[in-house]
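Here subunit A shows up in two complexes: once beside subunit B, once beside subunit C.
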Partner chain A sequence: MAGVRQIAITGVTAGLCLPLALFAIILVPIPGLPAASGFWIPAGFYFVMTLWFGVWGALGGHIATVLAMGYFSGYTLQVWADGGLGDLIAPLVALAIFKAMGARPTLERKKDKVAWIVAVPIASLVCGLWVHTVNLLFGVITWPFWWIGVVTYLVGDSLAVFIVGTPLLKALTNYVKQSPMYIWRD
Partner chain B sequence: MEVPYALLFVSAVYALTLLAILLDFLQAKMLGDVLSKEASARRGLLYVYLFKTLSEVAVIWLIVAFFGQIWMGWIKF
Partner chain C sequence: MRTFFLHVEEKSPLLRAHPALKILALLVVNLLAWILEAPIFLLALLTALLISYRAFGIPLSRMARFLVFAGLIAQAVMVSYLLGSKIPGRVTYLVLPWGSYVTDMTLLYSLTMILRFVSMLVGSTLILAVMRDVDIVYGLKSFGLPYSLSFAFSLAFRLSSLFLEDFKMVKDAMLLRGAKLDKGGILERARNYSRMGVPLTVIAVRRMNELSYVLEAKGFASSRKRSYLYEFKWNSLGICAALFLVGLVALALLLRLSTDLVTFPGWPLV
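Showing the complex of A and B:
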C-alpha cells in the first residue's frame, strides 16, 4: 500500500536519477541503440534504493528513465516502455538474488559481498537482454546491435552500480536500518 | 593561456560546492554516533540525511561530467 513514505522514496529516487539518466544518455550514447548509455550512472542509485526500500526504489528508477527519454524526440512508445521496464526489472532481479541467498545490503558478511558481486552483473545482463531483445523483436535494432547492446549494458550498468552503489551501501545501510521502510529484518 | 570568465566563475562555484560536500561528509563521519542516535529518535532526520547524501553524490558526478565534457570539447567557452 502506498503511503507518504513510499511516495517520498519513489519521488526522491526519481528526482535524483532523472538528471543522471538524461546526461548518461547524452554523454555516453551507444550509436545505433535508442536511449542507451554505456555508463548508466542512475542505476547506482536506484539499485541501492531498491535494496533498502524494495519496489518503491525500483519504481523511482523506472519513472526517471521514462521521463529522461522524454527529452529526446522521435522515440516510439515501445522504446520508452521497453527501457523503462528494463530499469524496473534490473534492481528487482538484484533484490530477488539477495533474498534467495539470504544476504543483506550491509555488505558486512562474506555472503552479502558475494550476493552483491553476483547480483549486479546478473541484473544488468537481464536488463540488457530484456531491452535489446524487445527492440530486436520490434525491428528497432538488428542482430549485431543486439550483441553490442547486451554487452555494453552488462559492463556499463555493472560498472556504474559497483562504483556508486558499493560505497553508498557500506556507508549508509547502518543508518537506513533504523527506518521502518527498510525491508530487511534480522 | 587566458581562462574565459564564464569558466572561471563556474569553476569557482563548483570548487566551493565540492568543498562544502567534502566538509559535510567529514562532519557526518565525525558525528556518526550522534547522527545514529538522533536518527532513531527522529525518523525525519534519517531520511533528510540519507537523501542529502545521495544528492551530494549525484552532484559530484554531475560536476565531474561537466569538466569531462569540457575536456572532450563538448562544452566550449
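Showing the complex of A and C:
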C-alpha cells in the first residue's frame, strides 16, 4: 500500500520527468514518429529514481511518459500501452538486475559498475521489444520495421540513460542515502 | 468550463456524467477501435464519434491540433506497410527487391490501420474534452484504485509547472557561469542540457522529503477512512450508458472471435 513517502516519490518523479519528456520530444524529435525522441532525457532520471527509491520512481516515470506522449499524439490506449507501460517496465528490469547481482547504485565497486553497464542495455532492449510489439499489435508498423525499431530503441534509450543517469548516480547517490526513502541498506 | 485540456461549454450533457462513466467510455472507445479490424466497421465507429461531438456540444474545431498528429501517424503507417508488408491481394502494384510487395489489399489494410488510430484519437479527445482533473481522481477511485495513486497523478500535474520554473532557474545560473548549452549539434545540445540533471535532481529529492513531511503532518494516510469534497451518484441514465458500452465491447469481441465479419477485410468484403 502506498504511504506518504511513496506518494511523494511518485508525484515528484512524475513532476520532474514530465517537462523533461516534453523537452526531449521538442529537442530531438524522430521524423515520422509522433511523440518519440531520439534522446529520451527523462529515462536517465526515472532509471536513477527507481534505483534509489524502487517501484514508485518507475511509476512516476510512467505517469510522466503517458502525459507527455499523449500531449503530442493523443491520449489513446495505444500510447498508454506503448511508451507508457514500456517506460514502466524498463527501470524495473534494471532494478531487478541490480537486486539479482547484489549491486548498489553508488557505482563504487566493480560489481556495481558491471551491473549498471549490463542493466541499462537489457532494460532498454526489453522496453524496445515491448514498445514495438505493441506497435505491431496495433497495426502501426510491420515485421521488418519491428527489428529496425527495436535496435534503434535499444541504442537511443541506452545512450540517453548512460549520458544522463551515470553522473547522477555517481554524484548524488551518497547524498540521497541520507533520505529515509532510499531503499538500499548496507 | 476548463477541463483536462480544453475550455468547453457547461451545457454539454457529458460534463455532468459520472467520472467512472467517462473513464469507462475512454476505455471502450479505444478497445472497440482495437477489436474491430474491418474498415467498414471502423468507418462507422469514426462517423458515430464525429456525430457525438455535435450531439454532446463539443466543438469539432478543438480537434484541429490533433490533425497534425493524425497526419504523422498516417504517414508512419503508410511507409511501414508500403515498404515492409506482404499482404496478398487481387492486384499487385509493386514488388520490392527485399521481397515485400504492394497490393490493393496492402493499401486497404494500411488505410484500416489509420482509421483505427484516428478513431482512438477522435474518441479519446471527445471524452477528454469533458474530463476535469477531479474526474480523473474520482474516476480512478471509483474503479477501486487507491486514492493515494490518484493523488500522485494530480501531484504530477501540479509539480510539473514548478519544475519548469526550477529548470529556468538552473539554466540561468549555468549560463551566468559561462555554460554554452546551445553549442553543437542536436545530440551535443541534449548532452549539454542533461548536465542540468544534478541540480534538478537535488531539488527533486529535497522536494520529496519536504512533501512527505507535509503529507504526514496533514494526516494523509492511505489506511485511514477519508471524506471527500465531491460526491458523485449514479443515475439510471448513467447505468444504462455504462451497460450499453460494456455490451458494445462484448458484442464486438464475440463477433471478432466467432465470425469473419469484423476481421479484415470483413463485411461486406469477406
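One rule holds in what follows: the second predicted complex is superposed on the first by the 177 of 186 C-alpha atoms of A that agree within 3 Å, B and C clash if a C-alpha of one lies under 4 Å from a C-alpha of the other, contacts with A are read in each partner's own complex, and residues count from 1 in each chain.
The rule we apply is simple: contacts are C-beta pairs under 8 Å (C-beta built on N, C-alpha and C of every residue); 3 or more make two chains touch, one makes a residue touch a chain.
What you are looking at is a predicted structure, and each value in this text was computed from that prediction instead of being measured.
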Superposed partners subunit B and subunit C on subunit A - clash or fit: clash
Which superposed partner A:Tyr75 touches (first subunit B, second subunit C, both, neither): second
Contacts of A:Val176 with subunit B and subunit C, given as first, second, both or neither: both
Which of subunit B and subunit C A:Val114 touches, first, second, both or neither: neither
Dominant contact partner of subunit A by residue count, subunit C or subunit B: C
First, second, both or neither for A:Leu16, with subunit B first and subunit C second: both
Touching partner for A:Ala100 - first (subunit B), second (subunit C), both, neither: neither
Touching partner for A:Ala8 - first (subunit B), second (subunit C), both, neither: both
First, second, both or neither for A:Leu168, with subunit B first and subunit C second: both
Contacts of A:Ile41 with subunit B and subunit C, given as first, second, both or neither: both
Contacts of A:Val151 with subunit B and subunit C, given as first, second, both or neither: neither
Identified clashing stretch of subunit C versus subunit B [95-103, 203-211 or 221-229]: 203-211
Footprint overlap on subunit A, where subunit B in one structure and subunit C in the other make contact: 8, 12, 16, 19, 23, 27, 41, 45, 48, 164, 168, 171-172, 175-176, 179-180
In the complex with subunit A, residue positions of subunit B that touch it: 35-36, 39-40, 43, 46-47, 49-51, 53-55, 57-58, 61-62, 65, 68-69, 74
Contacting residues of subunit A [partner subunit B, same complex]: 8, 12, 16, 19-20, 23, 27, 41, 45, 48, 164, 168, 171-172, 174-176, 178-180
Touching residues (chain side subunit A, partner subunit C) in the complex: 1-16, 18-19, 23-24, 27-28, 32-35, 38-39, 41, 44-45, 48-49, 53, 59-60, 63-64, 67, 71-78, 138-145, 160, 163-164, 167-168, 171-172, 175-176, 179-181
Residue numbers on subunit C that touch subunit A, as the complex places them: 5, 26-27, 30-31, 33-34, 66, 69, 72-73, 75-77, 79-81, 83-85, 98, 100, 109, 112-113, 116-117, 120-121, 124-125, 128, 146, 148-149, 151-153, 155-160, 162-164, 167, 186-187, 189-191, 193-195, 197-198, 200-202, 204-205, 207-209, 211-212, 215-216, 220-223
